[in-house]
Each structure stands twice: as C-alpha cells, then as structure tokens.
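Okay, so chain A shows up in both of these, paired with chain B first and chain C after.
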Partner chain A sequence: MRAFEYAAPKERRQALGLLGRSWGDTEILAGGTDLLSLMKDDIVTPKRLVNIKGVAGPELHAIMRKQNGVQIGALVHLADLPSASDIRERYPMLADAAMEAASPQIRNMATMGGNICQRPRCWYFRNGFGLLGQKDGKSLVMEGDNRYHAILGNEGPAYFVSPSSIVPSLIAYGAKVTLASASGTREVALEKFFVIPKDENQREHDLRPDEMLTLVTLPAPPAGAKVAHYEVRQKAAFDWPLATCAALLEMNGGTVKSARIVMGHVAPIPWVSNEAAQAMAGKPVTEETADAAGAAAVANAKSLGRNGYKIKLARVAVKRAILMAAKGGQA
Partner chain B sequence: MAKRDDEIKQIPGEESGNGLSRRSFLKIGGLAAAVPVVTGPKIIQVGGEQVEVHGPHAAPITLMVNGKRQTLNVEPRVTLLDALREDLDVTGPKRVCDRGECGACTVLIDGKAVYSCSTLAIDAQGKEIVTIEGLMAGATQLSPVQEAYVQHDASQCGFCTSGFVTATTAFLRDHPNPTHEEMVRNLGGNFCRCGTYGGIREVVQAHAGGKRAATEAAGAVAVKGGF
Partner chain C sequence: MADKYAWPAENERAYIGKRISRVDGPFKVSGRAKYTYDYNPKGLLYGAVLRSPYPKARIVSIDTSAAEKMPGVKSVHIVQKDPTGKPVTIQFAGDDVVAVAAQTEDQAEDALRAIKIQWEVLPHFVQDEKEPSGPLQGPTVMSQDDLVGALSNQMPQGQLIQQLKTNGVSFKVDDEFIKQMKQFNIPQPIIDAVQQAPYHPEAQNQPQSPYKEVRNETKGDPDSGFKSADVTHEGLYGSTVITHCCMEAHGVVAEWPDPDHLLVHISTQSVSSMPGQIAGGLKAQGVNIDAANIRVEQQNVGGGFGSKFSADRWGVYVPMLSKKAGGAPVKVMLERDAELEVAGARPSHYARVKIAATRDGKITAWDANGWGTGGPGGGAAPPLPYVFDVPNQRNRYISVSTNTGPSRAWRAPQHPQAAVITMGALEDLAAKLNMNPVEFFRKNIEYVTEARRQIYLDELDIADKMMNFSSRWHPRGQGGSGMMRQGLGLSIHTWGGRGHNSNCDFTIHPDGSVDIKMGTQDLGTGTRTAILIVAADTLGIPMEQINLHIGDSSYPTSGGSGGSTTIGGVSSSTRRGAVDARDALFAKVAPALGSTPDKLVARNGKIFVEGDESKALTWKQACAKIGPMPITVQGKNPGPENLTNSGVGGVQMADVSVDTETGIVKVNKMVAVQDCGLVIDLKTAESQVLGALVMGVSYALFEEKIYDPSTGVMLNDNMEFYRLAGLGDIPEMQVHMMTGKGYDERGVIGLAEPPTVSPGAAISNAVANAIGVRVPYLPITPDRVLQALESEEKGARA
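Take a look at the complex of A and B:
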C-alpha cells in the first residue's frame, strides 16, 4: 500500500472540507473492506484518507424513523440492519439481503454507504486495466474471460456488473440517497445514482470527488406489499452472486396490482426490469406467470461469449424472487 | 494424543529451548532497517477550523491489545494485522490473503469479529482488541472453544485455526444454541484449505448440545471479550 495522509475529523463540515476536488486526491474511509484492498492492489492511490467514522452526531450513524419511512445513516453497519426492528419488520427484504451479504466479519465492518459506493469486482478492473478493462484500446473483457460479466446493458464499453447485493432491494423500496459536499446537499433516487460509464474518465456512480453519501432514505413500504430477494451463488455463504433479484409486489386481492423487479449482478448498473414488472401486472402469481416475467426480464439479454449461462440464472432468479414474495418471503 | 494435547496446552511463546526462536532471529537481522521516522500530526485549516492530519510518516499510536495498552510507531498505511504481528509480536492472527477473503487474520474489536488485515492500525485506537492469545482462560489454560478445537481434532496445518477459533468464539457467544443455517452464515467468513470443517462442525454441535455448558459458564467469567 502506498503512503498517504490520514485525517479523522470529528465534525461533518471538517470531513467535507477535507475532501479533494479530483479523483485520486482523497478517499473516504468508512468500513474499509473494499477500499483497503483496492489500495493494496494499487487500483486506488489516494494522497489522503478521510476517516469519517468519528464524525459526531446521529445523522451518519443511526437508523431513524422519518414520517412514514426510515433514514439509514451511511455509517450503519450491514450487521446492524437485520437486527434493527424498523428494518426487520417493515423492510424485511433489505434485512435478508444484508444478512446474506459477504461474511460476518465484513458485515461487522462494512457500512451502508460503502456498500452502495463499492467498486466493481471485474477482474480486469481489479488488476489495473481501468474500469472498462481495456488495453491498447481493446476490451480485455470481450477478448478474454467474461464469465461473470454483464448480460444486460452490455452494449459497451462497460461490461462489469454492479457489485452490491443490497442495492437492488433498496431500489425496489424506492430508496433515495443524500449526497453532501462543502457547498450543500442534493438528493438522488438511488436508481439514478448508478450510471453506465461511457469512457474511462467516468465513474459508475453519480458522485463527485468532493461529495460524501450521508443518508439512505426509504419511503414507507406500500401497505400489504409482498417482497423477496433471491440470489444465485456458487457457494452457500461468502460468495459474490451470479444473479440476484429483488421483487416487490403490490397486490389487489389475488392479482398483482403493480410490481418492482430489480436485478443485480447482471448489468453495469442495478437493472430495473420494467418488462418483468409489466408481465406481472394484473396477473395472479403462479409458476407460469412468474416464469413469463423471468423470460421478459432477459428478453434483451445478450451473451458476451462466456456468460450465456447467466441469462438462464437471471431468469430463474426473477421467477423465484416473485414466487418467494407471493409466499411471504419464504423459500 | 495425550502428549499432543499437552503440547498444545502450553501454547505459547515462540521462545524455544535454545532461547532464540526463528522469529527473534529474523527480527535481529532486520533491526538495522527498522529505525522509524517519527513526526507529530500537522494541523491544517479547513473552513476556518483546525484539523489534525497524520502521516505519511510514522507516528506514535496507542492500541489496547488483549487488555494491555501498547504504544508503537506506525505509518497510517499499516494495517492492524501487520502492527500486531510485526510491531507487537502478537502472531496469532495470520496473514494469508491480506484482502478480507480468508479469515485467518480474524480478531475481536470491541467484541465483534473483524478482519484485522482490512483495518488500519491507526483506526483501531481507543478500541479493545482481542486476538486468540487473549482468549486463553489463563496463562496456560485454553478457553472452552480452544479446548473444543483440540478435542474434536478441528485443525490440520493450523494456519486458519486461530482465525477460526476467534470467529467461533464470537459466534457461539451470540448464538449459544445455533442452527446449521446460522453456523453456515456466521462461520462463512473463514476458510480452511485442509478441509477440517467436519471437526469445526463438531465443535459447534457439541456446544449446541449443551455438553460443555458448565465449562463455558466458568469461561465466560474468566475471559474478557471472549467466552
């Protein structure tokens, strides 16, 4: 790891004042579970780390009920989400997704904000070939091993997959994030926070180098909504998913009034499938309708050469998430 | 088996009979290169306020490790794992993947299992750090979990063992009567390439079966931050 300066400010305004104006100057240290690995591998080489864990006040640290919804501070640990009654009882899909993420040690360290801002796992990115994984202007992903890469939104030049297994659930609940800088704050729908970069100078997040994600805000869950989160992984624990789906179904008696279907690990952004949602609208939840929604979700999916198997996995993830949601979130 | 148990119970130190361990020898050899540059934090103005900025050079930090307050000079980039092993000679936590993927470096910080390779030493100040050395029930007495690892032969090459024992200690403290699913989910952050999982499962099952309840109740009083 390269040497750097380190500050641990106690006040929010100090933390914001310490952030840099261009990427590479400064990185925010929270849980550190992604950042320190990136720094050890020379993928990120900041001149200064700003440790925000000591910033005073409840804003960054607490889970707070606000009006009908809930505000989750950026520094809330993943391990604390399932045990918080406000989350477990009202947003069970988020509690499940957090409990399934990574390992207990990482859940004890990693934070809500860090989970959203973590960098992609693409092995070309992690080995120093940039976010787009290019060498001499050619895509190493397309020419090389793309078994874990995108099947949707993969027109290029970005082929990595969005790495969070929690974000799809947050988006299905309609989450917004608050981004603060020394000059003010702005609120962005989490769905819009993720962008597919078009060149190597762009990031996969709508985040400026002088900004810090401070809050995740969830509206009240729709009354009687049925939810479930499903992950396809090679291992039962501590593994990056191959495909995930978060399903939120608003019911009207025995039929689906409207649905939110958000897929993970299939595209450079969390993938909101309006096709799958439309396939469910006005229908009862059965094996057949859920499968048709899965088929609709991957209708435009495309293999990069070695990841065609993920199309089938994504379809199954959508189907099973919908079926699980209808059964009250149980497998 | 009896002999092996005795050897393990002595645990300890790495000082062997001739008074010079492999580790001490290596440290003597490396001494000339280990003269730290020490400077205090600089103060910078941020929006009219003063903020301390440390590094990039080494500076004194204080860590509470296994109940003992220790001061050491490290650069901000030094991980807790490296500070423990290289500066404080606490070599229970092992450096294997160094990327938060294998669990061999697991320690308890304020009672929670974390990866010391993914924690900066400077960021661990003011917290209670417990390594496998600190789980001992006495100078030469194993904790119930350590003892169970021996009894159930839950170790082979031993490199993952200290991290596994530490993670198991936190897990069984929080889940005294765990289900199989809870075990998979909560011990999933440690890997054993020898494949001693059968033995580790027995350690957890024996605990769940309540066979060791009495011993553990005694251990809970004796071991701070542990069981």
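Take a look at the complex of A and C:
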C-alpha cells in the first residue's frame, strides 16, 4: 500500500471540508471492506483517506423512521439491516438481500453507503487495467474472458457489472440518496445515481469527488405489495451472484397492478426493467407470465462472447423473483 | 524373535486402529500453534518481491540503484540472473524477478516501485482447453534457453535426461558451459547427458510449436476390438488447471546468527531435505555454506498438497536478502495472488475417448486422444485408461506448453484427471447399454489388477448399500421431470503409498519419561498423533507420557510428506525404535523380576512376566533400573520386517441435484469406501477421507485457474473468483474404512492421495445421470451445464 494522509474528523462539516476536488485526491473510509483491498492492490491510490466512522451524530449511524418511510444512515452496517424491526417488517426484501450479501464478518464491517459506492469486481479492473479494462485502446473484456460481464447496457466501452446485490432491492422500493458536500446537499433517486462511464476518468456513479453519501431514504412501501429478491449464485454462500433480481408487485386482487423489476449483476448499472414490469401489468402471476416477464427483461440482452449463459440466468432470476414475491408475505 | 517388530495383534492394541483425537488439535484451534508466518524474531525485515507483469518477456536490463537508496531498504537481490550472463526469459506472469528487504512492508513495496526493468515482451501462449491443432514439435532439440527453462522449472531429471539423449541440443556445449553448470550445482547425471547430447545446430531456427506428442502406444488390436463390439461411444472429458490454494501461503523467514550458520523457517512438506536444497541454491548464488550448517525448523504447516517439496526461489533469495542485510532475519510470505499464480498448479488433462463393449457389457476396445498443460515445460501423459486395463487400446497424448505457472505435484498427481476421463467414458458407455454402472464395473473387474479385484468388489457392495445406489439408480436422464434433476455417479481409484525412509531417535529416561526425535513434519494429517499411538502401544504406556519432537532438520532425517508415504514411514521407524528401546529396558529390569527379557511384556503402564502379572514393576519403577544414562536407540524404515505396504483401492459414489434452469449443481451426498491396510488412527484416517471429499467437491464444481488470452495474466488470482467450496456446498459425507482381517495384516499404507482421486469423476458421472448429457469438463460450472443441455436439445431436434 502507498503512503497516504489520514484524517479522522469528528464532525460532518470537517469531514466534508477534507474531501478533494478530483478523483485520486481523497477516498472516504467507512467499513473498508472494499477500499482497503483496492489500495493494497494499488488500484486506488488516494493522497488522503478520510475516515468518517467517528463523525458524531445520529445522521450517519442510525436507522430512523421518517414520516411513513425510513432513513438509513450511510454508516449503518449491513448486519444491522435485517435485525432492525423497521427494515425486517416493512422492507423484508432489503433485509433478505442484506442477509445474503458476503459473509457475516464482512456484513459486520461493511456499511450501507459503502455498499452503494463499492467498485466493480471486473477482473480486468482489479488486475490494474483500469475501470474499462482497456489496453492500447482495445477492450480486454471484448477480446478476453467476459464470462462474468454485462449482458445489458453493454454497448461499451464499459462492460463490468454493477456489484451490489442490495441496491436492486433499494431501487425497487424507490430509494433516494442524499449527497452532501461543503456547499450543500442534493437528493438523487438511487436509480439515477448510477451511470455508465464513457471514459476512464469517469466513475460508475454520480458521486462527485467532494461529496459524501450520507443517507438512504426509503418511501413507505406500497400497501399490500409483494416482494422478493432472488440471486443466482454458484456457491451456497459468500459468492458474487451471476444474476439477481428484486421484484416488487403491487396487486389488484389476483392481478398485478404495477411492478418494479430491478436486475443486478447484468449491466454496468443496476438494471430497471420496464419491459418486465409492463409484461406483468394486468396479469395474474403464473409460471407463464413470470417467464414471459423474464423473457421481456432480456429481450435486448447481448452476449459478449463468453457470457451468453448469463442471459438465461437473468431471465430465470426475474421469473423466480416474481414467483417468489407472489408466494411470499406482504411488504 | 524374527517377528518382534511385527504390528501387535488386535487384542494387544490399546490405541492402534481406535478413534483417537489428534494431539495438536487444541493447539491449532486455540491459536497457540505457530506457523512460519507467526515467526517474528527481533529486528525482522520485511521482504517484497517484484513479479513479472508479462507471461513471456526477456529482461534486457534491471536497475535497482534507486531502490537501494530508498529509506529503510536493507538489501536488494536480483532473482532472475542467468549463470551465463545471458538475458533471462520469463516464462509466466508473476514469476519472481527482484526481491527487496526493508524495515517495513511499505518501504519494501515503495522500493519495488523504484526498480527499473527494461523488458522485451515476447508472444505468449496460455490456451490449453481447445484440442491442439497445428504442427507438433518435432523431436525437440533443446536450445540453451530450453535447458535453463527446464532446469528452473524443475523438469523431472529422468525426463530431461531422456529428452537430451534422444533429441539433442541446438547449441555448442563447451567447457565453460559445463563449468557453469557445475558451479550451479546441476546434478551430475544431467551434466553428463548435456555433454553427451547430439549436437544439431540446424535446429536453432526451428519455429517452436507448443504441442509435443509424448505418448503414442497401441496394445492389442484396437481396430478389431471396435469391430467386434456391439456398442461404441465417443466422448470428450477433461479437467482444467487448478491450483493448490494452501490456507498458509508459501513463505520463509531466514537469518544468519553468524556468517557460517543459517536458520530457516519455511513452510514445507520436507523438513529433512531443506538444508541440502537451500545449500545447493545458495551455492548457485556464489554463497558457500555446508548443508550441515543450515538448520530448518517448522512446527506447523497450513497445507501443502504436493506444492511444498522444493525450497523454491524464495528458499534461496530470502537467505540471500538476509545475508546482504548483515544476517538480520527477513520474512517473505507469498501474497495470495502470487500463491495462486506461481506456487502451485495441477495440470489440465483433456481427452477424446472412443470406447466399445459387447451387448452384455464387456469392454472390447479403448482409444484416447489426450492433451493438457503443466505450464511452460508441457507435461506428462496421465495414466489412461485408469484402473481398468482394458484389452485393445490406443493412447495418444499431446503435451501443451503454456506460459502459465508451472505445475507441481497435486494430491495424487495425474490420478483425479485420469479418473474423470476414464470413469466418465465407462459411465457413458454403461448408459448407452442402459446398465447400472455398478453392474458394468463388476462385469469388467477382470481388467483390474488381480491383487485388488476382490477389494473393489467388496467395496462396491458396501458403497452400494451406504448410498442405496442400485435401489435408487435410474437410467440416464430420468432423474425427474421438473427443473431439478437428481442423479447418482460412481468412480473407483487406486494408489501406492508405501512408507518412505524414516529415522528417529527413541529415548527412555531413567525417570520414565520418553522422547522421540524425528525430522518429519505434520501436514495437518495427524502425523504427530500416529507416531505417539505407535510408541504408546509398543511401550504399554499412555500417549501423554511421551514427548515428541518433529519439524527440525537437526533431528534424524525422515522423508518428505508426499505420495502418501508418511504414515508408513514414521509408524515403521517409530515401531522399530520403540521395540528396540523397550527390549533394552527389558534387559535392564529382567533380573529384578527374576526373569529373562524375552519373557517380559509392557502393557497397561507395567512391565510384567508373561503369564504372571504378579511379577510386575510399574513403568516408573522399571525405568528407575536404567541407571544414570538414558536408553537411546535409532528406529529406521526400511528395516527388518516389512511393516508397510503398497497398493490400495477405493470406491466413491455421489448423489447430486442439478437445477437445469441455472446449471447450478448441488452435491447432496458422498460415500467413500477405502482401504489402506492397517489403520493406525481410525479418526484421523476418516478425517483424511472427509477432507479429500471436500477438496473433491471443490475441484469438481468450482476450481479453475483462468488466464486472460490477450495479456496472459491469471484473472482470478484471488479467492473470490478462484472459488472453493464453502460450508453450504459440502454434502452429507459417509466414510467407511476397510479394516480387520485381510486388511490389517497387509501393514500400514498411506491414505492421503487415494480418496481425492474419485470425487470429480463420481460427481461428473452423477451430473450426467441426472441431466442425461455429459458436461465434458470440470469444474462443472453453470455455463458448462447450460451449454451441455443446449447442445443436447439441439442434437435431439436435429
């Protein structure tokens, strides 16, 4: 690891004042479960590290009911989500997704904000070939081994997949994130927070170098909504999924009034499938309608060469999430 | 008394063959056990290693001058220096190039970044899965580069000599070259072979193909064997390159207490051979030290699996860094990425097999076209067909040289891959005959070596009952109608496992305490426990009363722990040492018991006259008669009486579920039936088999070394995409050890490798039984399962 300047501010204002103007100046340290390995591997080399874990006040640390919704501080540990009654009872899909993430040790350290801002696991990125995995202007992903890469939103030059298995559930619930800087705060729909970078100098989200993600706000869950989160994972536990889906179904008697279908690990951003949602609208949930929604979700998917099987997996993930939601309890 | 060393009869064993918990278990689970990594002497310097970013490149120049001046840097050592002064060509990404020692890890890493290397990047080749196409290497004439490469990649001596003899060299071997080889401690038989090798200067400009035919043999008459058959099957089988992935990485702590003595802590499977290896390596660096002045210590090792026999580059450059730093201790433990890239690989083996049988299930012919890679040096052919030596066979094998980390012995070298190919082809043929594979294997048992026919038949019976295999078996593809399919599979295997050379000092002190010193190592298999069991049963005292010292090269030499040779070696040397020490004690106490030594018995903490337990001394009372000087004898294997043996058989069965929509395989249950002669400790023996099944599930479903075709680097050099089975992936496992009459009298035989051979084949067969189609290659990942299902669908439509 390279030498860096270390700051551990006690106040939010101090913390924001320590952030840099451009990427590479500063990184924010919270759980460190991703950042420290990036620094050890010399992939990220900040001049300054701002440890925000000591910042005082409930804003960053608490889960708080707000009006009918809930606010989750950026420093809330993943392990705390399933055990919080506000989350477990009202947002069970989020509790499930958090329980499925990584390992108990990691969930005890990793934070909500860090999970949203974690960097892609693309093996070209992690081997030092840059976020886009390019060498001499050519995409190593396209020329090489893309078995885990994107099947949607993969027009290039970004082919990695969005790594969070929790974010799709948050988006399905309509989460917003609060981004704070020394000059103020802004609120962004989580769905819009993620962007597909067009060049090596961009990041995969809308966070600016001088900003800090402070809060995740969830609106009240739609009354009577049925939810489920499904991960296609090779190992039973502690494994990056090959495809995931979060499904939220608002019901009108026996038929789906409207649906939110959000896929993970299939595109450089969490992938909101309006096609799948439309396919379900006005339909009862059956094996056939769920499968048709899965088919609609991957209608525009494209293999990069070695990841064609992921199209099938994404389709299955959508189908199973919808079927599980219909069978499961109410949100 | 010719048989005084023979293993005690069953009624005389207090420990042997019982379930005894391993003696070092509490130390390991409480963190008190010290590993190489835990050794942190005062003034320790941290080493860091600059590794090649390129899979193939010539080093034009190395400039370390800036690094040497960096703060905290105490020594710098260039690892890649050719003895002849020629530029070195790197053959795989991640190879060690320059090592640095500094006061902190960060300083060492900073220093690496200050090293300037001028590379001439050369074209590389990392592809091994596709069937070789293109020209084969002619009889390979070795260039000087080839020879240096073969030496540094530890090509087996016999193979190298044979290659030099048949194919010759493309460069002029002059006196200067011979002198340099001698300086670098190259074994004399190799030097002789180089000197006598035919000289082919015309071969200098030959283009090099990565493909080399290393086997082409025909036995019997395959053509008529296929003609006379009723059913023929052709299939593709294989397993990709995997790595050892030891929990404890390779690593060394070295220090020179004075300029003539070297102390080394190294993670190794072969404590006794380390001083000689390290002395040889240092000599090549111009540092002369007698092996006798090198002491190697290692109390615990976190796994080896065949990857830790060599002192390795780091076993030499860490002592060099220490020497250059004035003798201060220097530590280098491989980072996980380096561990996966350079410190272990199991060769890949693939084959297109054609196999035929009569209608009633008798195999008539076998034809295999195989290929695979063991890294830059290519690799040897696997033993095909495996276990079943069917009549009328043709075997061809092409070794593929790739710019990937060189292979090392991986638990049962070549056997798991050979089993995947052979058992897969057999199971496919049985499926074509619509025959339960248990029945099919029985029908062909005459092709198994006679010594093990009955063992396999007995084991097949037992395994069948444990798994309810035959009662639950269904023809291929009838494993259910929904998306989840269930299937059963079978494989059988063999191994040698005779005890290696082993020596120990066995001492009985006048106060009744006992100690054993042996230069062996406990890889986590229970070697310590086994030695204590044998000693305690021989002396008739509790295990706790015996002090055991291992893991130190200053103790009597004992073989490396490989090839399942340790249990036979250490139990035999211990038995002989204990018998001789006990008999020496009998001689001292016989007069006091009014008897003669040959009439005495040591049992239950007493020494007494056989048939008259009233004439007895307690162990302590007896030892008090020794006099002031303790009794010390040396136990040796081999020695009189053959206490160890070779040749085992095992049968394994797997029950799997396959999700045909996702291609995800879940192993539900595995059954292993295994013989290994006389079992010393039933508990650690069963644990050994359980561990093998876990490792087997891992390589069957998850493990694969993935290389990037364009950059030639290993892409999954971490433990997130180099997957290992986790707790949730481990099935129900049942183990049955064959013991008692017919087994015990064979003597002690090693057990480490055999149970690792079959899991991959049995799981692959179970998956084929479940989904009705063969997934050709291991690991059986979702993409491969879906692809196999898709090709089956296409085939059905066509």
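Following the convention adopted for this analysis, the second predicted complex is superposed on the first by the 328 of 331 C-alpha atoms of A that agree within 3 Å, B and C clash if a C-alpha of one lies under 4 Å from a C-alpha of the other, contacts with A are read in each partner's own complex, and residues count from 1 in each chain.
What we mean here is this: contacts are C-beta pairs under 8 Å (C-beta built on N, C-alpha and C of every residue); 3 or more make two chains touch, one makes a residue touch a chain.
None of these values were measured; they are calculated from a predicted model.
Engineer: Once chain A of both complexes is superposed, is A:Phe238 in touch with chain B (first), chain C (second), both, or neither?
Structural biologist: Both partners, chain B and chain C.
Engineer: After superposition on the shared chain, which partner residues are touched by A:Trp123: those of chain B (first), chain C (second), both, or neither?
Structural biologist: A:Trp123: touches chain C, not chain B.
Engineer: Looking at A:Arg2 after the superposition, I want to know if it touches chain B, chain C, both of them or none. Which is it: first, second, both, neither?
Structural biologist: Both chain B and chain C are touched by A:Arg2.
Engineer: For A:Ala182, using the defined touch cut-off, is the partner it touches chain B, chain C, both, or neither? Pick first, second, both or neither.
Structural biologist: After superposition on chain A, A:Ala182 lies in contact with chain B alone.
Engineer: Tell me which partner A:Lys312 touches in the superposition: chain B (first), chain C (second), both or neither.
Structural biologist: Once the two structures are laid over each other on A, A:Lys312 reaches chain C alone.
Engineer: Quick one: classify A:Asp25 as touching chain B (first), chain C (second), both or neither.
Structural biologist: neither
Engineer: By the touch definition above, which chain A residues appear in both interfaces, chain B in one complex and chain C in the other?
Structural biologist: Dual-contact residues (chain A): 1-3, 236-238.
Engineer: Which residues of chain A touch chain B in their complex?
Structural biologist: 1-9, 11, 13-14, 17-18, 29, 32-33, 36-37, 39-40, 48-49, 51, 53, 79, 99-100, 102-106, 108-109, 182, 236-238
Engineer: Which bits of chain A are touching chain C when the two form their complex?
Structural biologist: 1-3, 121, 123-124, 126-127, 129, 135, 138, 140, 143-145, 147-148, 232-240, 242, 306, 309, 312-313, 316
Engineer: In the complex formed with chain A, which residues of chain C make contact?
Structural biologist: For chain C paired with chain A, touching residues are 106, 109-110, 661-664, 666, 701-702, 706, 708-711, 713, 715-718, 720-721, 723, 725-729, 781-783, 786-787.
Engineer: Mind listing the chain B positions that touch chain A in their complex?
Structural biologist: 46-47, 49, 51-57, 75-77, 79, 98-100, 103, 106, 112-115, 117-120, 122-123, 167, 170-171, 184-190
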